[in-house]
Structures are given as C-alpha cells and as structure tokens.
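First comes the structure, then the notes that go with it.
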Amino acid sequence: MKKPLVNIVIGSDSDLPTIKETEKILEEFDIAYETKILSAHRSPQKVSEFASNAANQGVKVIIAAAGGAAALAGAIAAHTTLPVVAIPIETKSLNGLDSLLSTVQMPSGVPVGCMAIGKAGAKNGAFFAIQILGTNDENIVRKIQNHKRKLREKVEQKNKDIKN
Amino acid sequence: MKKPLVNIVIGSDSDLPTIKETEKILEEFDIAYETKILSAHRSPQKVSEFASNAANQGVKVIIAAAGGAAALAGAIAAHTTLPVVAIPIETKSLNGLDSLLSTVQMPSGVPVGCMAIGKAGAKNGAFFAIQILGTNDENIVRKIQNHKRKLREKVEQKNKDIKN
Amino acid sequence: MKKPLVNIVIGSDSDLPTIKETEKILEEFDIAYETKILSAHRSPQKVSEFASNAANQGVKVIIAAAGGAAALAGAIAAHTTLPVVAIPIETKSLNGLDSLLSTVQMPSGVPVGCMAIGKAGAKNGAFFAIQILGTNDENIVRKIQNHKRKLREKVEQKNKDIKN
Amino acid sequence: MKKPLVNIVIGSDSDLPTIKETEKILEEFDIAYETKILSAHRSPQKVSEFASNAANQGVKVIIAAAGGAAALAGAIAAHTTLPVVAIPIETKSLNGLDSLLSTVQMPSGVPVGCMAIGKAGAKNGAFFAIQILGTNDENIVRKIQNHKRKLREKVEQKNKDIKN
Amino acid sequence: MKKPLVNIVIGSDSDLPTIKETEKILEEFDIAYETKILSAHRSPQKVSEFASNAANQGVKVIIAAAGGAAALAGAIAAHTTLPVVAIPIETKSLNGLDSLLSTVQMPSGVPVGCMAIGKAGAKNGAFFAIQILGTNDENIVRKIQNHKRKLREKVEQKNKDIKN
Amino acid sequence: MKKPLVNIVIGSDSDLPTIKETEKILEEFDIAYETKILSAHRSPQKVSEFASNAANQGVKVIIAAAGGAAALAGAIAAHTTLPVVAIPIETKSLNGLDSLLSTVQMPSGVPVGCMAIGKAGAKNGAFFAIQILGTNDENIVRKIQNHKRKLREKVEQKNKDIKN
Amino acid sequence: MKKPLVNIVIGSDSDLPTIKETEKILEEFDIAYETKILSAHRSPQKVSEFASNAANQGVKVIIAAAGGAAALAGAIAAHTTLPVVAIPIETKSLNGLDSLLSTVQMPSGVPVGCMAIGKAGAKNGAFFAIQILGTNDENIVRKIQNHKRKLREKVEQKNKDIKN
Amino acid sequence: MKKPLVNIVIGSDSDLPTIKETEKILEEFDIAYETKILSAHRSPQKVSEFASNAANQGVKVIIAAAGGAAALAGAIAAHTTLPVVAIPIETKSLNGLDSLLSTVQMPSGVPVGCMAIGKAGAKNGAFFAIQILGTNDENIVRKIQNHKRKLREKVEQKNKDIKN
C-alpha cells in the first residue's frame, strides 16, 4: 500500500457524500490518499496534531471540507507549510454562502485555495491537488492532459449528438 | 490590582480602535479585564493555551473580535467551557458580512454569542459580558439597571430637546 | 419541581420544532427551564411584563427564538438585565438571513447574544445558556467538560470508523 | 397651532438629518406633524405609551425611522391601529440591508408600510403619509396632483434643457 | 353589491394563490374589493388607464403584487394619488430578494408601501389597506382592535396550552 | 444632421455623468444618437409616448439607464419592438444591486439586455447598441473590428511596458 | 433548410431543458437557429473557433447560456463583433446569483446583453435575439407586434376570467 | 537572471497596485516571477497562447487576478495543467462579491484555487504559490517555516506591547 500524498479532512461524517466525489477522482488518477474526520471546533487538538505532522508523514497536499462557520481549512493551514485546498460545504439556511466566505476570506500569511461550493468544489479539490502534485511529476501531468482531452472530447461528442 | 474577570482577545492590532469601545464600557462598570493579541491563524498554539487556561485564571467571560474568515472566537470556544462573546469586525471589501457569517454560523456544541458588526457590537460585547457577570452579582445588576435608566433618560431628554 | 433558571421564549408555535432542540439539551444537562409563547408584535405587553419580571423569578438566562423581522429577543433585552440568547429562525423566502440581521444588529447598550440560524443555533442556545450558568456553578462546568469530551470522542470514533 | 396628523418617530438623534427630508415635505404640504425621539430598545415603555395613545390624540399616520435591527416601526405597529410608515436608515456596515430586512419582513397581522432605504425613503415616507391623509381629504388630493404635475414638468423641463 | 374600496392588482394568474390570502382578510373585515390582472410589462396601457381612473371610481387603496423585476406597484403609483400597498412575490431563483428590492427602492416622490415577501406580505397588504381605511372609519378601527385582541388572545392561549 | 439611430433615456439628470460614457463611445463610432430625460415614475405618459413612437422615428436601439427600483428600461420595452439595452445605475445604499435585480429579472416576453452596473455598463451599452446596428451594416462591423484590435493592442502594449 | 441566423451555445447538456425554452420561441417565430455545446473551460479552443467564424457563417445573434462561474458568453463576445445575448443558468447552491454576476459584470469594450436567471431568461433570450433581427426586417417586427398583442390579450382575457 | 517559476497575470494595469503585494512577497522569498498583462476579454488569443505554453517555459504556478466578471483565472486554467491561483479584485459597485463568485464557482474538471478579495488575497496568492513550490523544495519549506515563525513572533510581540 502506497503512502498517502493527499489527506482529505472533514469535520463531520455528514460531509462524506460530498467528499466521496473527491475520493473518486483521486482513485481515478491513482493518487494514494487518506480521509480523516477531525473537527476544528470539537477536536481542535487533533486538528493541530494532524496538521503539524502531515508534512513529515510524506503528505504533499491537504484537502479540507467544512460548512457554516467553516474554520477547518484555516485551522489546518495555521499549522502546516503544505498547500491546503478547501471545499465549502453547502448549508441548509444560507446555501453555503456562509461556508464560502468563512473559507475564502483568510488573512494574509495563511492562505487556503478555495474551490466552488459543494460537489463541483469537491471534485475540483481533487483535480487541484493533482495539479499541485503534477508540478513535480511528469507522469501525473500526462494523466491530467489525458483527462482534459477526455473532457474536451466528451463536450465535442455531445455537440455532435445534439446535431442529430 | 484586581484579577481580570473578562479577557478581550483580538487577532491583530488593527482591531484595537474597535475594541477600545469594549474597554471603555468595562472600565465604566469597573470590571477588571485584560486585552490580548492572539491569532487563530498566525499564533494558533497561543490561542489554544490561552483558551485552555482562562477559566483556571479566574476569567468568567471571553470577548473575541476578528474580521474576514473570523475563526478566533470559535477557536477559543473550542478550548474552554467559558461563554465566548464574539464581535465581527468590519472589513473593507464585504463590509463585515464575511466576519458575521464566519462568526455566527457555529456548529452545534460549540456556541459563541455573536454581537453586531463593528463598534456597536464592540460596545455590546462589553454590556453582554457584564450581564453574564450580573447573573451572579447583585452589585453589577444594580449598575446595569442604573445604566439602562440613564440610556432611557438620555433618550427622553433628547425627546424633550427636540420639542423646543 | 425546580424553579426554572432558563426561560425559552418563542413568538409562534410554528417555532416549536426548532426550540425542541434547545429543550432536549437543557434536559440532558438537568437544567430547569420553562418555554413560553409570547409575541413582540402580537402580544407586546405580555413580552414587557415577562421580561421585566424574569430576573425576580429567579431566571438567570432567557433564550428567545424568532424569524423574519425578528424583534423578540431585542424586545426582551430592552426590559431586562439578564443575558438574552437569540436564535434566528429559518424563513421561507430569505432562508433566515432576515432573521439573522434583525437579531444580531442590535444598537449599543442593548445586546443579545446571537446563535446560528435554525436548529444548530437552537442547540447552541442551550449550550450557551448552560455556559453562562457555569460561570457560577462548578457542577455545571464539569458537565460541560464531560460533554465536550464526548463530542471529541465521538469525532475520534468516527475517524477510527472511517479508517476501516 | 394645528393638532398634528402625522407623528414622526426616530430612535436616535443621529437619524435627524434623514428625517429632516420627511419634515420638509410635510411642511411643504402644510401637514401638521410632530417629531419624537423614542427607542424600541432604550425606552420601550415610552414607545408603548406613545403608540397606544397616538390615535386618541388625533394622529392619523405614524412615520418611524430606524437602522440596524430596526424594531421601532414594528414595536409601534404592535400597539396601534394606525397605519405605520417605516423608513429603514442606512447603516455603516451593511448599508441598510439590515435595516430594510428587519423593517419589511413583518409577521402577518402587524404590517408596516416600508419605504426605500435612507433619504429617498424619508421623502417618500412623507408623501405616503400624505396620500393616506388624502384618502379622506379632497384638498390634499389636489395638492398631491399638483405636486405630481410639478415633478412631471421638472422632468420635462430637464428633457428640454438637455436638447440644447 | 358594494362599490370596491380596495383594488388588488396582480401581473399574472400565477400570483393568485398568494393574493388569495389578501382577499380572505378583506372578506373577513367585510371590505368591498375587486381583483384585477394587469401587467406593467405586457399590458402597460391597461395599467395606466386603471391607475388613472381608480380614485374616480371610489377606490381608496390599491394593493399590487408582483415578482422579479416587480414594476407593477410603481407603475400604478406613477398614475394615481391613492396609496399603493405592494407585495413582493417569492421568486424561484432569488427567493423574492429581486421582487423586494425592485418594489421597495422607489425614487422620491412616488412611494409605495412595501410589505414582506410572499404570503405573510399578502396578508399584511390587506391589514395595511384596512388600517388606511380605518383612518376615516371608526367602525373599521373597532374591527382592527377586535382583530388585534384576537391575535393576542390566540398567542396567550397557545402559551397556556404549552404549559400543559 | 443625421437622424438618431440610438436613443439614450435616463430618469434623472443625476444619471448624466454615467451616461456621458455612453455618448462618448457613440460619438467615437459616429453613430447619431439623442439623449432624453424621461421618468417611468414621474413622467410615465411621456415614457409610453416616446417608446411607442421610437421605431417610427427611425430609431433602431434604445439605451435606458436607471437606478434603485429601476423600472425605466422595462417600461420602455413594454411599448416597443426595438431592442432595449439597460444600464443599472450605482446606488448609494445598495451599490446598484437593487438597480441590477430590478433591471435584469424581467418577465418572459418583454426582455431588456442588461449591462454591468455603473460606468462600465454605460460604456458597454454603447458598444452593444453598435453591435446590434452592426448586424446590418458592414461599415460598423469594420469599426468594431478596428476597435477590438485597438483594445487588444493596448493590452499588448501595456504588457510590453510592464516588462521594462 | 435555412441558414441559421441565431446560434444558441450551452456549456453542458444539463442546460438543455433551460434552453429548450429559447428554441421553442425561435421556432414559433420561424427563425432558423442551431444549438451547440461548447465549453469555455473544457473546450476553449472550440469556443474561440466558433465565435471567430460565426459572423462569416451568416449568424446575426449568438445566445449563450451558462451557470456558476459563467464565462461562456464573455468568452464568445471576446471573439466576435456579433451581439451576444446571455442567459445565467440557475445553480444549486447560490440559485444563479453567481451565474448572474459572472455574466453581467463584463468589463467595458466587451458587452453581453444579460437576461434574467433561468427559464424566464431563456425565453427572453429568444425574444431579444428576435428584436435584434427585427431592427432590419419589417416582417419580424410585425411578428413581434403580433406576439405582444397576444400577450396583452392573454392578460386581458385572464382579467375577464377572474371577474367571473 | 533566473527563469520564472511563477507567472502573475492581470487583465488591466489598474490591477497593478493590488498585485504589487504579490510581487513583494515573491521577492522576499526570492522566487523568480514574471508579471504579464493579458485580458480574457480583450486579448483572448494571447491568454490561450500564454496558458498553453507556460508549463513548457518552466513555470510551475500561475497567479491570475481579475475583477467583475472575472474570467481570467478560469480562461488560463482551461489551457494548462498547472495549478492556477486566483485573486478576485475589489470592484466599485459590488465590492468584489462579483469577482469572488465569478472566480470561485468553477465547473468540475477545471479548478482554480481562489484567495480572499483584494490585497489580503494578493499577498496570499504569493504565499500559496510558494507553498505549492515547497511541496518539492525543502529550502522553500524552511523559508515558509521561518516566515510563519516571524508571523507568530510578531503577534506575540504585539501581545507583549499591549500589556504595557
């Protein structure tokens, strides 16, 4: 079993269906990953420990997903030099606008790379992590190029289908 | 010198002019307090240490002010059983809507008591802390009653002034 | 039967399912409470009477929940020196953004401690009230510590489950 | 001196510059009015007394202006059968969106007639009150018709000016 | 059959379920009314004709409901000296925020009295119209007092029910 | 003097500085235009007359700019078969979000083509009108191509400047 | 088969149900059109090629529909002198507010004519394109006049129905 | 002179003051970079060429800043396998909410890593790019650790200063 290059962190198991989209794409690209449940507000010490040690474990990118007053990605970023990719989860009352603003509006010095709200963001969290890994792995770059070509071909095929 | 019952925490010295409003009211009510600069994102370990120990130091209420992806109040609440009163600071681009949503939309189990955005909230942070202290101090209750009477009289005086 | 330390106030019986979350947690912590239906706009005199007398009845914290132009918590705060904890109820058209802003943006001198919109806020209203009571009751503090430990353990258990 | 048909109520003397626009138009239409400073949150009892007695004093319309968690118009409407016209005051952080939502989203049974945010709303509060008075006063209707004609002519004159 | 004192205007028959709430309350108060379908954008000339003549037909108050770029109430107000009460209809994409802002933000000189979004606003449109009629009809005032008393009693009854 | 192909309509002379941007571009492209001040709410009959007759006068495109409850573009669109290009004017309290939503959310059957809020939109109103005229005028198309080339060259020049 | 005067472009086949509304109206007006699936983000080169060549193919108006970070209409407008009519698609989390702002807030020099969010906008995209074609085709103008008359009659018929 | 590892792209020279913050931090970390002015809407072909070739030129991360309908980062991401870090520029009317939503809400398959609005985001764009480079450069990681230590010490120093 390969050592995980990517760690996915969610604050609650209610975020599992969203993050499943992230996992599927990492698997598709054959990227070793591990998913953890850690809460910035309910298990803060575990978040600190995890984030402080991730780099030493060989992790290269952390993907964090949270909703509402979504402090998780920022709390992780506070304790690591690794790039943290953040996914704002959709919320019932404010549709994820709260998650988005509490994720993206980080103070200078402690960035997180914020994706779209919800499942589109969950997928893109995986793609973005893969692109980061690709900055140092030609094999991954070829897989991304391949994937982008497939996306393009799929659109082109649909365009042909619609003509008939 | 009295031991502080209230601790005010801000994430940056740019928040000092806002929090000055909080301090003035605590002084007016003769409540011992201490102001600290601690950042959820830049000095997270100090935030954990502070929050974990505050109750043991005799602190009764913590007031936390932060802007943008305002994680400070929540990060403190994660480590203490004390009530945390939060003040969302006004921001340049989104006027404090980001601060408000990232402060108020806390997950269940870890509440913060959110005040209004900016200086009105900063004043009310003090009043709310005082009201909490008042739940166990008849002397403070009398001071609040006195203050509320003065507020009322001031409005009534202005109402008289306007007639002339 | 114990004298209620906490009073929950709602403006309409349509808010009962939300406030049920508050009640469950108060019961779990064995805090005596009473729930009342009083409307700032439909029975304003009853609100004034209630709020003016609550402190004398031995109440320590008032929790008020309302939606839309949510004036209830503020109307109560206007008549009492007790801390008022407010829960903005979700609304059909604006999803509770109206409730949130009309609750949290209180003028200086008359604070309410605002929780998150909807059921998460309803739960936290109870926790926050309990934390206020805890500022003067070591027994309650131990219960909160216990509860926070359980929250943490639950997250840690889920984290273990997900590994398998 | 004529008995006031219109009462203007503001929560704070900081609202005087806004409400000055209301007063100027009432004077222009020769409508007797009185301006009062009463606060829903700082002098709630005075608000109840005022609102409960206004109709008996011969007042026909109440205009209330407030900002932030703008409860004033609703608090007055709770105690009177008179139509209450509300002006949401501009606020520093949220530009009056908070004032607007906390004013306009009244529960069924207790309406207020909400105007635009700020000075345009302050002027229209006067015009709307005058239109209400006009439902029973042909002389006022003629003045409104006259005023509408002047508005039209002013636009038409500007349209001519721009051609040259 | 009595001559209608109130005219309800909607832009489309899809608004009928909302406005049904208005009609029920007018009927409850025994106020003669008529409902019309006229569109500011699809039958503008009919809107002008209607609004220009309504006062001469004995109408005292016009209630207009529209959604989206909700121009109807303003278009009517442009052609009449009667008070126009406006109800912003809920919309699918923006939940009625579009309807609210396009209704309430009228320029000075041409006010409409805006109610809450959707059915609560539809009910209140009726109540507000009745309050306007009440400024000149003691009989109506007594009915409103009666209705307000019933509202209060209903809340008080629910408060008693909840105790048991 | 050439017969105007484009008519610019504003509701108030306070919109002149914004619309000046539109005029400058039409002049740059040598398109005959005329600017009118007509108000949907203050001179509605003039708006109807203008809009009903514009096509017969040889006008091909109407550009309408308004702020707040911005009904002007829609009111014109209601009376003409010509394409109406709309510019939402910035507003003081809500920054033009009110203007935008009340302009763009038109009901089906009566479209307006909405531009960006404020001066960028005012410029683009001219460009868009020119593009519409270009659908039937090769000479105008060449001018647009020329303009787009200049825009591109200007960006490229700035890109060179920044290198040095 | 007639050469298409209008091209409809969507970024994904999930937008087909929305754009079906556009197609129906173009067919009703007997306007030749073609629908294409091209993505600004997944097949950008195809978008450039399409947009660069559309005018030469005899296309007069392009209608583009996209959701979220809706770059499609702008990407097309960047490569053509034809008027581009844009339809912001409703989105799950932010209800199309994201689509609207990313569509309408175009920089000066590169306009798109933005319609309402969702299906109302999809219908109006067709009507607006037809109005543009009508600036040079008397036959189309008559069809629009006819259609506007039918809209008016339909409203008037509903108004009659409601009386009975 | 070192080959640039980071490319900063802005759509207009009006964005230079914002992006200056990005440049200062890259220089502080001694990261070779190049700044380009390329517009998604005004020089789209240059954007495609740049983005298609950047990886081959040895660039590892692209930072793109744009405002309003901010398509630049997405347009670049469409043509490259490199990670694209995006900075939403503050705008005059909507304060950068438009820039934020049009930047962050990317469709799945084509991510950009979005930073905060304005100068805080501009600084963080640099830090995030550096963190990405650090995933493969121990020397950079040490610099980041050093920088984070300085941030922490600065906060701690301020905390000491405030005590005196």
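Order of writing sets the chain letters: A, B, C, D, E, F, G and H. Residues in each chain are counted from 1.
Operating definition for what follows: contacts are C-beta pairs under 8 Å (C-beta built on N, C-alpha and C of every residue); 3 or more make two chains touch, one makes a residue touch a chain.
Model, not experiment: these values are computed from the prediction.
In terms of the stated touch criterion, the partners common to chain C and chain D are B, E, listed by label. Touching chain G and chain H together: A, F. The chain pair from F-H, F-G or E-F that repeats the C-D interface, sharing more than half of its contact pairs by residue number, is E-F. One simple way to say how far apart two chains are is to compare their mean CA positions; for chain A and chain D this gives 52 Å. Taking each chain's centre as the average of its CA atoms, chain B and chain C sit 18 Å apart. With centres taken as mean Cα positions, chain C sits 35 Å from chain A.
Counting only residues that touch two or more partner chains, chain H has 12, 39, 42, 68-69, 94-95, 97, 104-107, 109-110, 116-117, 120, 148, 151.
Contact annotation for chain pairs lists A-B, A-C, A-G, A-H, B-C, B-D, B-H, C-D, C-E, D-E, D-F, E-F, E-G, F-G, F-H, G-H, with touch applied as defined. Note for the complex: chain D touches chain F at residues 90, 95-97, 116-118, 120, 148, 151-152, 154-156, 158-159, 162.
Chain D makes touch with chain C in their complex at residues 11-12, 39-42, 44-45, 48, 68-71, 74-75, 77-79, 91, 94, 97-98, 101-107, 109-110. Residue ranges of chain H in contact with chain A, taken from their complex: 21, 55, 60-61, 81-83, 85, 100, 104-117, 119-120, 123-125, 127-128, 131-136, 141, 144-145, 147-148, 151. If you check the complex, the residues on chain H that touch chain F are 12-13, 16, 34-39, 42-43, 46, 68-69, 92-95.
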